[in-house]
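Presented sequentially are two complexes of chain A, the first with chain B as partner and the second with chain C.
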Partner chain A sequence: MAALHETGKGLSQGARNALPLLIFLLVGFAAPLLAVIAYSFMPERSFGLVHSPTLINYAGIFTGNSYISFGWSLSFAAFTVCILAVVCYPIAYGLSRVFGRWAPLLTLLFTIPLFVSENVRLYGWILFFIKNGVLLGTLKSWFGVELESWLFTRGMVLLGMVYVYLPFMLFPMTLGVSMVPNETREAARDLGASRFQVFREVELPLSMPGIMIGLLLTFVLAVGAIAEAKVLGGQTIIPITHDIEIAFTYAQNWPLGAALAVLLMIVVGTLVLLVLKRFDLDAILGRR
Partner chain B sequence: MSERSRHALIWAWTLAVLVFIYLPAMCILLASLTSSRYFLFPIQKWGLDWWRKTFDSIEIHQLFKTSITIALCVTVIAVAIAFFGALAFARYNWKGRTLFQKIVLLPIFFPQSVLGLALLLWFNAIGLQMSWMTAVFAHLVWIIPVVTLVISIQVYSFDPALEEAAFDLGASRFQVFREVTLPVLLPGIVSGSLFAFLLSWGNFPLSLYTDGADTTIPEYLYAKMVAGYTPGVPVLGTVSTFGAALLLLGGYWLITLRRRAQS
Partner chain C sequence: MLKSPLSRRNFMQRSTALAAAFAAGGKFTIGEAEAAREKELNILCWEGYNSAQVLDPFRQSKGATVKAESLTNDPTMINRLRAGETKVWDLINVNNPWARKIMLPEGLIKPLDRAAFEPYFEKMMPAFKAPYKWAMDDKGEQLIGMAQRFGPYSYVVNTDKISREAAEDQGWSLFADPANAKKYGILESDDWNVFNICCIAGFDPFKVHSDDEVEKFTETAKQVFKGAKLVGDIATMNQSLVSGEIDFHMTGGTYSASPARADGAKNIRAITPKSGPMEGGKGGISWIEITSTVNNPELSPLATEFLHYVQDPKTAHVVAFAEGTFNPVAQMGNKECFDLFTADELDAIQWDSLEEEMARSVEYDIVPDYDKLLDIMTAAKKEASAG
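Then we have the complex of A and B:
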């Protein structure tokens, strides 16, 4: 069979199928990232790549205020991940063990919001929480209670992030939980393990690959979040992506924005590579 | 705790989270159904005025045209490249495969607003004029990997013996592709196309930086949201939410029908 396919060319069948995608990512992903790196070494406020390289932008970051924005982005991402892990685990468990024939429909219902623009969905929360909106308007007219709106606080930003990134935690986690064979679980029960012991010694370790991918995916996406802070947060927190955007737009300082983006890429890239190195994707995705 | 009450708890929690997920969409729907200029709840005057006004607007027609053109181009190109990518990802055992799998995942794990800016710099450096075409390219960078994953999941369950049998029976390479590989992988291709279309349709951060003077619906909505309230925003928001829901439920229904027909 293999011999049938290896006609003439030096590339294997798999490599030939991979080629269009690899070429595309070279032009569309690797090249732009190299462009960002190149810009980050250009002098302030230059728009071309013809100047001699300098480290001034990186020096600017460490003397300026951007580290605060980095702190906000990283800590909000960490909070989001922790909350989502707790919120999603029971659902993931349900989808793979409890819901049976309802599982596909429920999965679909969790998928649909992914395809609606983030801005639109966050806007719905504004309508819900705004003064005279769905929540406060109802309280006022039904119970005569008047409350201050909770919009534009840090808690709202966190709520927005939990809301937007929920599917990215849920789906990998479900894949992970469904990797635990029922026999193993039952065997542990038969041997006298308590429910908590089964969870800690069997369920959790065996579903770890999927859970880790979920944690990683949500963390990385949440570090890059920008819309939540803008739409729901007012100006209470400024995430790093906002700093980057300002450098590119209002400040017209592309090299500074590029340097910030490079630092963000280093953080994200290191995490992704560290985690992905440990897992066999075939084992996670190949299960049905 | 008994098995039964534990399961009841899991059901209750899941349904509560679903309500949380759909609450904003419901608010948007309600807000679109009022006749007054400002959103006050409970709604005093119900009406479809803003729906009519929004759909009569020439500006909105233009936005729809731009968004649909981009999404259709993205779908066709993404599915074509991702189909072969998925075969390399899951079907063939070749030397660079595990590395290839990780390379494919990288753009998905990348913050999109930064990716959009990176592409802006790159297009600028090679002297490209931004338009909806550069936006198509930008969407592809993120959507091709996603579609590759979606199709790969179908490819994992593909039995290579089917292809071998067809070869043994004397089918040509093209015939095997058309008569065996393609039909078996069709559900994956259908869901891949749905993903591609909808993700492109709803994308904001990539379009924002890469489509130049052309404007898509998410960009327009964002501009209006920031500038102040107009009831056109909930109308378009409702349309995009329910449009996505209908397309996905329709696709799911088609795939279930096909499965039933086969078994």
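Then we have the complex of A and C:
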């Protein structure tokens, strides 16, 4: 064993072994990120990294109305997370405690949509909700009820986001709920705790790791959402990701797109760090 | 204790070996590709040229590997070449002004053998006779691409809601009429939407604009986006027109309406306004695709062979009705090609009015202050979304 860890003057055996992965991460993850950051300091509408750095793109963002897009992305992500937390907790509880032998089948049903492209699923909703489509067409022909279409509204964007990101909240949450030992519930009940007290003081804190991971994962994914606003919302709202896409495509303004992307990373990163500071994942995972 | 580190070490060794093999494999593949470019062709294009109907016969006849990537806006394709992908692509298919005004001056494409390709223009429709402006460089000396698909592209109406005549007479003011708020959609085609907003505002898009015009553009953009029920892709526009969600949409033309018409929705019709603010009082805008050879240091010899291949009357008909959108092709000037089109196909591409619509349209061009106008329009779109 000692021979295995013989390092000499160079890198340790572990570091040498980790080198391929490290290079892969550097090339695959850090390099594109650095390129984006570097581009954000290039003059507007330039296509190389050979120019003198400038803050003009950031200045343009702060004087323009990109705050509207940031606002939409962050608020819709926050709404999505709140709705999913309320919707998913009972389902997660059911999957781990109530549904018994049906739980794997239900889990499968929640998983299957993930095998279908997000865009296909969203276009499916279009056919369902469109005027004279599956829902409104059926109501009209069977019951003579003629309702206004709900498509291309902000509500539909939210519905689409809740629908798309549900599994990303549900599965970590189910894991969290299933981590709570039944004995702790029984002990709390034996000590006279009410059902609500058991939920508030035992279930919720002990399942918090799963809930937190679900909240963070869903939030980060939802801030990056674009298809829901484009397909179901008919661009009723322009999320920041769409703003970035326009900058990189029609506007041919890579530096502006890069600056928007960097700001989005900073905003999301800061929010996530603030949450992590408030809820120490290590502590709730029981590592210390 | 011993088993775990050893298995981890084995894993790392295997991973390292795998990574090395992968790297070697990748290098080998690239080297092999470089050596075998005569059997490889990469095409960057609008949809249709990437379809199996178009590519498979070529692949089979040449025994070649043909990769075609389709994008739905010109600037993105040009950017791909600017970003260094001239080493990747052999052919690029974009709308008319880009080859002559942008890609050739920037050294992104290279000229074709005029003697070999110019004769094809003689068999095309009369508007395309050689020397065809958009296929030539500024001096009219070099042939820089080949023409094929084209069409008028202004707006589309549901004729059950607005008659063709009324839509043609009213022109772009359809989109400025407050009575039409939330009755129309906007195709997610931002470059064309800049042109359209200029037309709605009452001035020619293809020139440098005065401060007053820019101000008018700003107001119009805000008003048009606030009044729109939705902004979306072609499929969504056609779905919304057919279902009754909207009555009309911009930008649109034969290109976008033809799939709905081919599917039987003959009430969906591309409209070219009878008059407008452009040169000669024209109100419509048309596009013509030009396919050019990329300035690839190792250009595949198949690039020019493919350009010959798509000029064949049968292939030209397949290109016109390849999957996606359906469009007229310049090769319809050749009777051998024209006869391949069925009555339904001609109806889908509105052959009955094509000539007059093209005559009422100016050809798509570069907007000198496009960047400024696009930024204003993007801001207006965001402002409209804020309510």
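Throughout what follows, the second predicted complex is superposed on the first by the 247 of 288 C-alpha atoms of A that agree within 3 Å, B and C clash if a C-alpha of one lies under 4 Å from a C-alpha of the other, contacts with A are read in each partner's own complex, and residues count from 1 in each chain.
As a working rule, a residue touches a chain if its C-beta (ideal position, glycine included) is under 8 Å from a C-beta of that chain, and two chains touch if they have at least 3 such contacts.
This structure is a prediction, so every number in the text was calculated from the model and none was measured.
Asker: Does the superposition put A:Leu263 against chain B (first), chain C (second), both, or neither?
Answerer: After superposition on chain A, A:Leu263 lies in contact with neither partner.
Asker: With both complexes superposed on chain A, which partner does A:Leu158 reach: first (chain B), second (chain C), both or neither?
Answerer: Touch status of A:Leu158: no partner.
Asker: Which partner does A:Leu221 contact after superposing on A: first (chain B), second (chain C), both, neither?
Answerer: first
Asker: Once the structures are superposed on A, label A:Asn17 by its partner contacts, choosing first (chain B), second (chain C), both or neither.
Answerer: In the superposition, A:Asn17 contacts both chain B and chain C.
Asker: Just to be sure I read the superposition right, which of the two partners does A:Leu84 touch: chain B = first, chain C = second, or both, or neither?
Answerer: After superposing on A, A:Leu84 lies clear of both chain B and chain C.
Asker: So in the superposed three-chain picture, is A:Val116 touching just chain B, just chain C, both, or none of them (first/second/both/neither)?
Answerer: first
Asker: Which chain, chain B or chain C, is in touch with more residues of chain A?
Answerer: Partner touching more chain A residues in the overlay: B.
Asker: Examine A:Ile237 and indicate which partner it touches, taking first as chain B and second as chain C; both and neither are also allowed.
Answerer: Second partner only.
Asker: Quick one: classify A:Leu49 as touching chain B (first), chain C (second), both or neither.
Answerer: In the superposed model, A:Leu49 contacts chain B only, not chain C.
Asker: Touch test for A:Ile246: chain B only (first), chain C only (second), both, or neither?
Answerer: In the superposed model, A:Ile246 contacts chain C only, not chain B.
Asker: Share the list of chain A residues that count as touching for chain B in one structure and for chain C in the other.
Answerer: In the superposed arrangement, which is not itself an observed complex, chain A uses residues 1, 4, 13, 17-18, 20-21, 24, 47, 123, 127, 130, 132-133, 231, 248, 254 for both chain B and chain C.
Asker: For a test of understanding, state which residues of chain C touch chain A in their complex under the given definition.
Answerer: 2, 5, 9, 12-13, 15-16, 19, 73, 75-76, 78-79, 82-83, 185, 188, 190-191, 229-233, 235-236, 239-240, 243-245, 371, 374-375, 378-379, 381-383, 385-386
Asker: Which part of chain B faces chain A closely enough to touch in the complex?
Answerer: 7, 9-11, 13-14, 17-18, 20-28, 30-31, 39-42, 81-82, 84-85, 87-98, 100-115, 117-122, 124-125, 137-138, 140-141, 144-145, 148-149, 152-153, 156-157, 160, 164, 167, 198-199, 201-205, 217-218, 221-222, 225, 233-234, 236-237, 240-241, 244-245, 248-249, 252
Asker: Quick one: in the complex, what on chain A touches chain B?
Answerer: Residues of chain A touching chain B: 1, 4, 12-15, 17-18, 20-22, 24-25, 28-29, 31-33, 35-36, 38-39, 47, 49, 87, 90-91, 93-94, 98-99, 104-106, 108-125, 127-128, 130, 132-134, 136-138, 141, 163, 166, 216-217, 220-221, 223-227, 231, 241, 244-245, 248, 254, 257-258, 261, 264-265, 268, 272-273, 276, 281-282, 285-286, 288.
Asker: Going by the contact rule at the top, pick out the chain A residues touching chain C in the complex.
Answerer: Chain A reaches chain C through residues 1, 4, 13, 17-18, 20-21, 24, 45, 47, 64-66, 68-69, 72, 123, 126-127, 130-133, 149, 151-152, 230-231, 234-238, 243, 246, 248-254.
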